[in-house]
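The letters A, B and C name the chains in turn, as written, and every chain counts its residues from 1.
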Amino acid sequence: MSQDLTHRAVIKKALGAYEIKRDENRSKYLNWQEARQAASEIKWEAVNHLDHYLLEMTKNLEARGTKVFWASNAEEARQYVISLAVEKKVKSIIKSKTMTSEEIHLNGALEKLGYDVVESDLGEYIVQLNEEPPYHLVFPAMHLTRGQIKEIFKRKLGSDTSDLPEELTMVARNIMRQKYLTADMGISGANFGIAETGMISITENEGNARLTTSFPKIHVSLMGIEKVIPKLGDLAILLPLLATAGAGQQITCYNTMIGGPRQPGECDGPEEFHLVLIDNRRTELLADAEQRDALHCIRCGACLNVCPIFKNSGGHSYGTTYQGPIGSVITPHLRGLQDWKHLSSASSLCGSCTEVCPVKIDIHHHLLHNRRNAATQMPVWWERIAFKGFSIATANPALFQLGIKIARVFQPLHFLVKGTLFDPVRAWTQTRDLPNIPAKSFRQQWKSKQ
Amino acid sequence: MNIHLYVPCFVDQLYPKAAMAMVEILEKLGHTVEFEEKIACCGQPAFNSGYWEEARTVAARTVEGLESAEVVVIGSGSCGAMLHKFYPELFKETPLAEKANALANKTYEFTDFLVRKLGVTDLGAKFPHKITYHDGCHGLRELGIKSQPRQLLEKVQGLTLVEMKEAESCCGFGGTFSAKFPLVSSAMGDGKCASALETEAEYIVSADSSCLMQIQGLLTRQQKPIQTIHIAEVLVSR
Amino acid sequence: MNGSKDQILARIREALRSQAPVPGNHDYSHLAMTPSRPKPELENFRQWLPPVESNSENQWDLLTKSFHALKTDFGLLESKARLIDFVLELQRVEQWKRVGIHHGAMTDEIASHLEIEKLWVDEGYDPQAMEQCEVGISECDAIVAQTGSILITAKSGGGRGLSVLPPHHLVLARTSQIVPDLPSAYELLYKRYGGNFPSMISFITGPSRTGDIERIVVLGAHGPKKLTVAILKD
């Protein structure tokens, strides 16, 4: 328990500064709510005409020498990257942050074949060294303290520094610089794909994505099909919303749009640019019109940062690539409802996620929708019986009354079993007291009043 | 006005004082209060657990039982959200759709009804205590209730409202969630209690008895020096 | 080789046969109040984004505030001579021995006064040599007052690497290049490059930074530790 409390304190502290900056930057908007609405409409337009915009984007990309590969699933995407690495005799690979790569488990597949794969984003690098998945979509190592990170660096890199964040950051910087210059392949994600001009857009703070996409002779970008937006100019509102919601910044340090490999007359940049478009069951979510807006997600992480479940249970407890409320919505679609429906139950439905979502996804109601779909497709037998009983009991207020009367009679004896395994309401009484049932219900008082 | 008071099942059984306080307030304002004894529950537990068919069976009785009501007032943001926001979704494309929509449109949460519908804020109450206010999530985010209770509390003589940090964060109740995930639920509640205790208030006031049950449950267990009370009970204090 | 292009497109088209609820309103249409509002297009974004006043003095104030907040160093230089002095002073203090630089009206002028080794990038360059440079000097397309961002492209900024590999990035610009906000910057991009965009466009907003260790900001994560903007008054 004390370990839990320490962990919660780390998360709370990490998010404290974010909250202040987020509120400060949000308050500068002339109309934050309308900005959200605009972003939501932009994403709605794209997602609801996805075939059209994907074709427009890929046509424009291909016209300038980009190779586009459409992957139905994780296996196809991995195979494409592996074949490319084999064909081009790649030895070392540098990566900038891409959650899609986590989704398709690319690192493991490449490492198995003997490739040297290094995550360059500092947080990703730390969790890679610590051999664990990212804790948070945007802040992968937020669960680790500087002391723990110092130990990880010492163990894995043999570095001998203090635990000052500046010193630790410089350890990673110095190791990474040669890797940018010597890697044969750079792998990045894509925050947006732009149909109108045939580009991808990458948002970051560290500059590692800039470096990853500048020096290796092959650049591969992994992008979920839902990331496409209609126009280049749409970024004028999407980039600041992403930064403010996700990191509490007005805009992040680097926002880079890449429209192909090095073009004639340009002095640097990769010789080849490959864009891997990944479906991996996103089309199944697309087919669910009710929850289609979950594909609006720009992976800002704002819903995680406000979620009381995330803050108390932690990012690793989800066991998913995409954590937090949005992860609980989309994972059942991407990986199977029966195996992942429990995520939708693990919510008090408080709605903070929906309130902060910069693209207005109806997140917490979709948790309800997932619960409904799960109960309809494969009800839990005892729950079904319980709720059938519930519906019968409430149909008949007299029966309901009787139940309460019985409870009232037995409540004085409750102390005998309270909190033990024999306690019928143990789930509650482990940590909480129950109210005393008053002598007269409202109904009874109402009747005598009439 | 002829007001139908909708008393949520747990308020009926566990917090009758809050419901009686609402009756007193509405009658004092010159309105007639009615109560439909045939209705026991709005169906939210089944709805929130995904058992919509069973929820519809329960909710149908509310929809039909309140068909002739002029206006429905609910002393809970949570059940208010169920009637006002979720019934139309629950009954969409069913024979009761139209009636569910009609009910949604004449249903008000108690504090919202007083302030926005009746335009009343001063109820002549006296409550010489320092309090802090907990915004129930359903009331706040589904129904947009934030200023209404505060406007009412502002007019209570002797009352001092000290806002807690994170007044808008969830208490961790969440209906069946509190039993399915008791430890996370309690951890959330502990955070809430800690914020409330920091204010050194004597009472935590809320318009949602379910939140108060969660908060009081933790406070009693931990023997903390602060009490919970429903806003209606504050508003009838003299 | 397209992979599963046709299958994915077919699945998308099949999926889109059902109609999604309107954006932002979800399925609670019975509660809907949808006042007519401007379309979500570039020319309308200013109605919602943080405001910027139209006169250039206010924009300058906003820009300097942003620069301070971002820890971007800057100088407003009254004349070409002052600009040269500004850069030479930086060279003296930081003891530059090698500079990465590209050809341009402003960069050429500065280069002619810098008596140190120069790595000209325009015809291609050795990245290892650039790694040895203490500073990369580039021009830019625009400076965004609202956000303190420098807009560069592979064309205006000397390619992709110059502005991000050396530990110090020095940008040479003119006051006439200041635009009020992000929508203006995008309008400028459309106008300047139209159908032929450089392969890389980047908004640089402050020196490289990370918050990945306990959310504490550290400058110079991977990119430049220092960003300086020398702005010549037109």
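To be clear about the criterion, a contact is a pair of C-beta atoms (placed from the backbone, for glycine too) under 8 Å apart; a residue touches a chain by one contact, two chains touch by 3 or more.
Note that the coordinates shown come from a computational prediction; the quantities given were computed from them, not determined experimentally.
Relative to the centroid of every protein C-alpha atom shown, the closest chain centre, again from C-alpha atoms, is found for A. The chain with its CA mean position farthest from that of subunit C is B.
Between subunit A and subunit B, the centres computed from C-alpha atoms are 32 Å apart.
Per-chain Cα centroids separate subunit B from subunit C by 50 Å. Each chain gets one centre point, the mean of its Cα atoms, and the points for subunit A and subunit C are 27 Å apart. Within subunit C, the positions touching two or more other chains are listed as 27.
Interface residues of subunit B facing subunit A in the complex, by the touch rule stated above, are 7, 9, 11-17, 19-20, 23, 35, 37-41, 43, 45-55, 57-58, 61, 137-138, 140-142, 168-170, 172-175, 177-189, 191, 213-214, 216-218, 220-221. Across the complex, subunit A meets subunit C through its residues 10, 13-15, 17-18, 28-32, 34-44, 47-51, 54-55, 64, 68-72, 76, 80, 120-123, 126, 139-142, 144-146, 149, 165-166, 168-170, 172-173, 176-177, 180-181, 197, 199, 205-208, 210-211, 213-215, 225, 231-237, 239-240, 247, 250-263, 266-269, 277, 279, 283-284, 286-287, 289-290, 292-293, 296, 360, 362, 365. Interface of subunit A with subunit B (complex): residues 4, 8, 308-309, 312-313, 345-352, 354-355, 368, 370-376, 379, 383-384, 387-388, 390-391, 393-397, 400, 404, 425, 427-428, 430-435, 437-438, 440-443, 445-447, 449. Subunit C contributes residues 1-5, 7-9, 11-16, 18-24, 26-27, 37, 39-42, 44-51, 66, 102, 121-125, 127-128, 131, 146-147, 149, 154-155, 158-161, 163-165, 181-183, 185-187, 189-190, 197-216, 218, 220-224 to its touches with subunit A in the complex.
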